[in-house]
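Shared between the two complexes below is chain A, which pairs with chain B and chain C, respectively.
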Partner chain A sequence: MKVKETAIPGNHNLMPDDRTGKSALSRVDGRLKVTGKAKYSAEYNVKDLVYGVMVGSSVTKGTIKSIDTKKAENAPGVLSVLTYLNAPKIPGYQADNPSPKGPLKIFYNNQVYFNGQPIALVVADTFERALFASTLVTATYDTEAHQTNLLTNLDKGVSTRREDKDFVKGQANAWQSAPVKVDAEYIIPTEVHNPMELHAIIARWDAGDKVSVYTKTQGVKSSQRSIAQAFKLPPDNVQVTAPFVGGAFGSALRTWPHEIAAVLASKVVGKPVKLVLSRADMFTSVGYRPFTWQKVSLGAGADGKLTGITHEATGQSSVYEDFTEGVVNISQLMYACPNINTRYRLVSLNVNTPTPMRGPGEATGAFALESAMDELSYALNIDPIELRMRNYAETDPSNNKPYSSKFLAEAYKIGAEKIGWTERSQKPGTILQNGWHIGYGMAAGMFGAHRSSSTVTAKMQADGTLVLQTAVTDIGPGTGTAMASVATGVMDIPADKIKIVLGDSSLPPSPTQGGSQIAATVGSAVHDACTELKEKFKSMAGNTDPADYIKILKQQGLDHLEVTTTSKSGPEQGKYSMYSWSVHFMRVLVHPATGVVKIDKAISVADAGQILSPKTARSQMIGGTIMGIGMALMEEAVIDHRYGRLVNNNFADYHVPVQADIPQVEAYFVNKADNILNPIGAKGMGEIATIGVAAAVANAVYNATGKRVRELPITPDKLL
Partner chain B sequence: MKPFQYTKAVTQQSAIEAIAKPGVKIIAGGTNLVDLMKRGVTAPDKLVDINNLPLKSISLDKAGQLHIGALALNSTVSESPLVLEQQPLLAMALKAGASPQLRNMATVGGNMMQRTRCAYFYDTTMPCNKRQPGSGCGALEGYNRMHAIFGTSNKCIAVHPSDMCVALAALGAEVTVSSRKGSRVIPFTDFHRLPGDHPEKDNTLADGELITGVVISNNKFAKNSYYLKIRDRQSYAFALVSVAAALEINNGTIKEARLAMGGVAHKPWRLYDAEKALAGKPANEESFNQAAQIAMQGAKGYQFNSFKLKLAPAAITEALKHAAGIA
Partner chain C sequence: MEDERAHILPEADSGTSENSRRNFLKQSTLLTAIALTPATAVKAAEAHVDEKIAGAFEKMPVKLEVNGINHSLSVEPRATLLDILREQLDLTGTKKGCDHGQCGACTVHVDGRRVNSCLTLGVMVNGKKITTIEGLAKGDELHPMQEAFIKHDGFQCGYCTPGQIMSAVACIREGHANSEMEIREYMSGNICRCGAYPNIVNAIQEVKEGGFKV
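And then the complex of A and B:
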């Protein structure tokens, strides 16, 4: 069957790719993925594989009094049951970390810090037998009173890092004396990344001091380092393979205790061990976006000019490890304002450690700041876009540095036009159509445009195939496609002549896929490597067309020509402030009697510099918008604080958006190169796709109904 | 999961013989039972697979009664032309439930017998009188956002999660069951029960009884019926509240009304008083609002579900407006 190409709203101005002039690349690994040929970490057929299943603590705080593993050990097929009582000591746990706080040490002692903490790992010859035996492990505990509720512990917030010390520019709390003020509290619940692919690892010891793992990770090099550190091995003795990752959104940014447990178990049983987390495990083993309380206070003159911004936030972490994120940073940077002060505090609770989730602290902070800006716009009776333009920062308000590029005003214009902003009523609750209130809302987002170091090998083979190699992972944004796209532009060869090799720790180093830095970092390295390779060909070409790579190689009697180039940021870093920007527009329908909210139309516009791969960029943007809609309308991990235990740790009860929740989402790009940040002009867009979305939805709901929801998610009960 | 035996019944008689013994459970689509077994909530010694029994048909008899076999799939029923023509309310309710994948496996009998989704029932480390009589109710003072506002007891405030059953209760269906002792008919509204002192019992099906089908008698509701489900997402979520509304309207006057709610009680909740109040009234918003107020008598909210006291009457009015074609 031939599928008819239909016009895709949103990125039409980028089809064909206006950078290369060729038609935009489709995802280079798309065919592998939809035909099931892409292998994920749990899918490797390793000889003699055995299976591990974890047992979690059923209490929230205390000590293990006893663990009975006898029944499990005697169950059919069971090879070993590891607990703190019998597990070999993990060398890296002992030595160099005198700090009392740090990553959870698995099977280390009898302490229980949170509900669901792994207390045993059962290894058996089949998954089913391991799972069955895991239900036979029983434990008794000496329990202690636990704390899992941030809201009843806000007074225990402390400042844990130098970076999080109170920020004051101008005068603190200047909003208090402004003629027009907003002063409101905002709450976001715990959200769990829940990528479709469960976290999984296969660990195999190849020799006494050599281990190979297939694991779900956003960074093969960082996993290599962590495992090497834990087992005191030279990093080169740890092979990490992850060519495909089925989404992660931050949950695979670090090496988790279950991965260490699998490597340990493999050593103990002398066989490769596969450990796949269950969906319930995903809620307590691989981080989450933490429950966060915020207060934003804004002061402005009648002209709409901000005179004071105060943003306070308190987040949560585990008792064994501090996790902080830039929740309040956005308020230091977003708007031109003479007086800004922020404060961030952290409360330790009997929960597992959070980890960055797409748009990490900024998505949380933007919900509060951009909701408050919307509240201010109504207090002033000024259009929300106009209010933002009156406070538009032309230079970085926190340090007065120029921006390497900022086209947010252009993004506002595009978004306003595409959503039909002129149809909006400044007075809330006034448009009723077919029994539904209609509301329009918008909110902006920003995230640091980072670039770090990447090394890429570009190798032209005798048959004209260009092989690009680097140890980056592609967790779904289309990294491989963007790499191919950059290379086709430089080398002037079709994409089907390019082979992308990644997700392997033995390749030249690249950073972890995270923090929206990969397109700018690895893309630049691909650009530099290909440019260098092309120069080499030129120098050898003689009378031959320098782009006739096959012929030149033949003339030179070479079976390939390759370069390895390291590419990284330079002195521009200190001189400029570098950010990606986004704005999200929502049109929502709210049913007046039942409080049901439907997103009718969503428009997201990004200033992410030069777009390298229009199709995958569009998908990335739409995915981020949908994630933001989930945050706005439904995602919430609920703990029953009496037990400290989650009550909705499954996909029936923890809601992520389904097709029916998602309307037409359109993504647009300003698509102007940032020529300061890097040679390809690209800025990151993974985070800004989500940052601001939740506020845009809440603002649209207010516009529709006159009801301001300051506590996510916006479920029907909150609008009755 | 506890090891168990599995057999496939080939005749109704052999199925009935098999389930006469204790510790034996029927498996139909398995979409609920298997989950409960995996979680350790239910641990049968033996499963009898009844999917080969000839209980899949959907037919209309001479009296206009619609017969639906216990093994008819939720998806088949929801798309059956007979059902769509005769009892569209049932099709609407089914389509509002679960997901297409689940509906393709789920059976009518299994749907009736599905157990509550209360988190405390599912988590074997928590107290639950329904799962383990005498252990207490975790939901009473716990996270009870999804829980009942009608007919609760201090032992249990769980709700029956089915959408299909709300429509069947409204339509006044009957359940046909068979056992070694013979066959009997149970009015649908008597099939599920309130928790009282025995929340472990969801319904009045006796041990050893097999559901063979449901029967819906002829009615004049097809033109004016509607199933409204309010949920946290647009599809694939259980009801916060749902309403099955069926009206017979003559020249703008309601001759007969049927109303039942889901997500509010331990059983599909028939609103008899509201139905009575609607009879003879004009089919307009005012009548519907009055009925909705009457329907709420005796409702009681808990810490996290008090919003249902407002949502339920709003949903009743809304469903009635849709049924009457004035939404």
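And then the complex of A and C:
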């Protein structure tokens, strides 16, 4: 993939690469993306393709009494209508593990657990015909009373996992006896990932039980395993291809029932089946950030030192599967405080199972903790940054281990300067300009800096092209570009001589893209593979500088030279606490008469270690901030609890940020290498880009108006 | 017990039949139109057997010029321009993000104007000139807007990108790119969930200020 740097004259400078001083690498797949040639999962021209459309349950809890598929079957072009009555048994569903809870089994029995649960799949020769025929499927149900409202079911919360047992350090509820206290409840509604690409799969079942799929996934290897497991096939029989993924943010971390249904359908009809979820399906089929109730209580001395933190949270999951996330963990980890206790509970409701959404748990928890810290700063009349510095953790508060690196204080400094923090008034609601209240707010975020195992093949070809291969996917952050950036550094060749091959289950294994670990994991493997390859060239060239790879290959009579290297973390894991850190600063305008909130300026600063690819990293950070702004101001999936059904399952009613909502968001990096975590010094960034943003907005709104909104999103009605 | 429609789409016909068009065919043939309809088709319609023949009656001829190439197609009246481009012409650069005119991923130019191709039936653009993202570059030479998107990193996953670029070109042509604020307003029909908005605005401003012919 050749990237041509443009010669467009203009005043928008590229961000210089801090390491080299050269302008930063453009996205290696940019040309394919701007010309429409990048192919996403629904876009492969497969012969004899037929189309599937899902039919969802119209009731929320109960059993299917009857399904009438006859009209649909008789409609033009229809090949099959699958339901629990006629679908072949999926071998992996049959009970070798009769655990009562687990992923939704599609077409398994007549049970309905949530509204929109797939009850039929119509397959026809064209999309139009499948869609029409899907409207002809009718069902009758025996309904039962459903529960979809977390707030009226908080008392049903249970602890479901050992990891979620109550945490106590020092004394529980110590905040109660502190001279200065904050004790408040916070609510976040259900938020839906809604990547722009609809989840889609093309599945083909071939003779000899070979399955090939193009599917939207964050991990081709895990999709391969899941499909193989469902159909009891050897993993090698399943080929998963996903070189381009149109965003996911967590929604493609696992294999979903519609994917299994498409594979099953292709076996039944003997043709490849394309199944593209509708936008409405996206709200009930591929997870979401769960509605969560929280209570944070802080106690501090007059000097601003925290004496007690208590954080409770209750989240929701489906009745068929538990999904928990680290909502309260951030309170155990963020501030130096002698007394901390947390508790996390889960309520099972008649909804589909949530799934991690960007900054899972932590983004939810940070909204509460960082809002409460802001409330405490006003109660103490101490600047919010100063309050955070007085409680700055120099070692991990949960286990006293040293950090592999932490430059959050530097990030505070950079952000404060960039937003113009000195313009802020400590007294809320006091700045009015041109008829708008102006307010400043900030909040911090943190997320574990992980590194797992990755295998990369680095192959130098006779024409001097370096091919890097691994099974990781690139859902948008610029994984391929970061890989190229690392490789140019080690091999000392230009990026346009590097070919990146990703997103294919037959390639050497890499982890699923998620949890902000890929840059550190795959980047390190690229580093190690290239270093090894270079050494090989070096020894061939008699230990001279191996720069002329083409010449050496020629001399040796080779048409290529390759190495395959597996790279993973070592003993450093146990000795250090490893985190990425961020801080977000907001300047907001609030209109007094209408309650409209406008983001006037947004600054995000990250300590994400060494930045591998400055241009794409900056975009990733900005994008995460914008997703956080959506969480703060507009995103809310609303269920009408009388029917248990979503009322805003489309982009007209479920609002995500659009151009008019977003100013010039600025992103900055401390850009200091974490040399303990891995050889390239990189830490993750995907999650911390969003974690803390919602609190920063809420804190700025309070600073502007004196109104504390503890229930997201901050819509105008809450400010009037 | 409930008897409910099991899907989000509105019912096409609240009467007894699933397909009013074929019912019409059947009734009209039985009344006055026998002379106009081949006898075999009448039988087929009456007997509800050969849906293929009935289906053939439902297709209409459409001529489209897409990226300078003429296509004579036979399409169902309910087929959207988006699905015709993606499923029949294999022009998958135009994206489907919602199918309801709410996201802009499917933006193409019809006779030079930007439209949501998911809200446009193929039969509505008979005889018109369509430009999709695949038709924007001149061979290997990218359109200035495509160059600017690469330079400013106006995307991450790239899925909204074709729609953004087609919209951005039209935004300048319409004269709606005179300030950052104006660009934001007139680009608000194109959602980018990756949040590339500031970079997109910068790319458009640069093309506008550079005075490039778009």
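Basically, the second predicted complex is superposed on the first by the 697 of 720 C-alpha atoms of A that agree within 3 Å, B and C clash if a C-alpha of one lies under 4 Å from a C-alpha of the other, contacts with A are read in each partner's own complex, and residues count from 1 in each chain.
Here is the rule we use: contacts are C-beta pairs under 8 Å (C-beta built on N, C-alpha and C of every residue); 3 or more make two chains touch, one makes a residue touch a chain.
A quick note: this is a predicted structure, and the numbers were derived from the prediction, not measured.
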item: Which superposed partner A:Met634 touches (first chain B, second chain C, both, neither); value: first
item: Partner chain(s) touched by A:Val665 [first = chain B, second = chain C, both, neither]; value: second
item: Partner chain(s) touched by A:Arg642 [first = chain B, second = chain C, both, neither]; value: first
item: Contacts of A:Thr135 with chain B and chain C, given as first, second, both or neither; value: both
item: Which of chain B and chain C A:Thr594 touches, first, second, both or neither; value: first
item: Partner touching more residues of chain A, whether chain B or chain C; value: C
item: Chain B versus chain C as contact partner of A:Phe244, first or second or both or neither; value: second
item: Touching partner for A:Ser453 - first (chain B), second (chain C), both, neither; value: neither
item: Contacts of A:Leu720 with chain B and chain C, given as first, second, both or neither; value: first
item: Touched partner set for A:Ala652, first chain B, second chain C, both or neither; value: both
item: Chain B and chain C contact sites that coincide on chain A, given as residue numbers; value: 58, 131-132, 135, 652, 657-660
item: Complex contact set, residues of chain C against chain A; value: 1-9, 11-12, 18-19, 48, 51-52, 54-55, 58, 76, 78-79, 83, 86-87, 90-100, 102-103, 105, 132-134, 136-137, 142, 144, 146-153, 155-162, 165, 180, 183-185, 187-202, 205-207, 209-210, 212
item: Interfacial residue positions of chain B with respect to chain A in the complex; value: 1, 3, 40, 117, 119-120, 123, 125-126, 138, 141-143, 145, 230, 232-238, 240, 307, 310-311, 314-315, 317-318, 327
item: Sites on chain A touched by chain B in the complex; value: 58, 131-132, 135, 435, 591, 593-596, 598, 633-634, 638, 640, 642-643, 645, 647-648, 652-653, 655, 657-661, 713, 715-717, 720
item: Touching residues (chain side chain A, partner chain C) in the complex; value: 3-6, 8-12, 14, 26-27, 29-40, 42-43, 45, 55-59, 65, 67, 71, 74-77, 119-120, 126-129, 131-132, 134-143, 193-198, 244-247, 249, 276, 278-280, 475-478, 615-616, 618-620, 622-627, 650-652, 656-660, 662-665
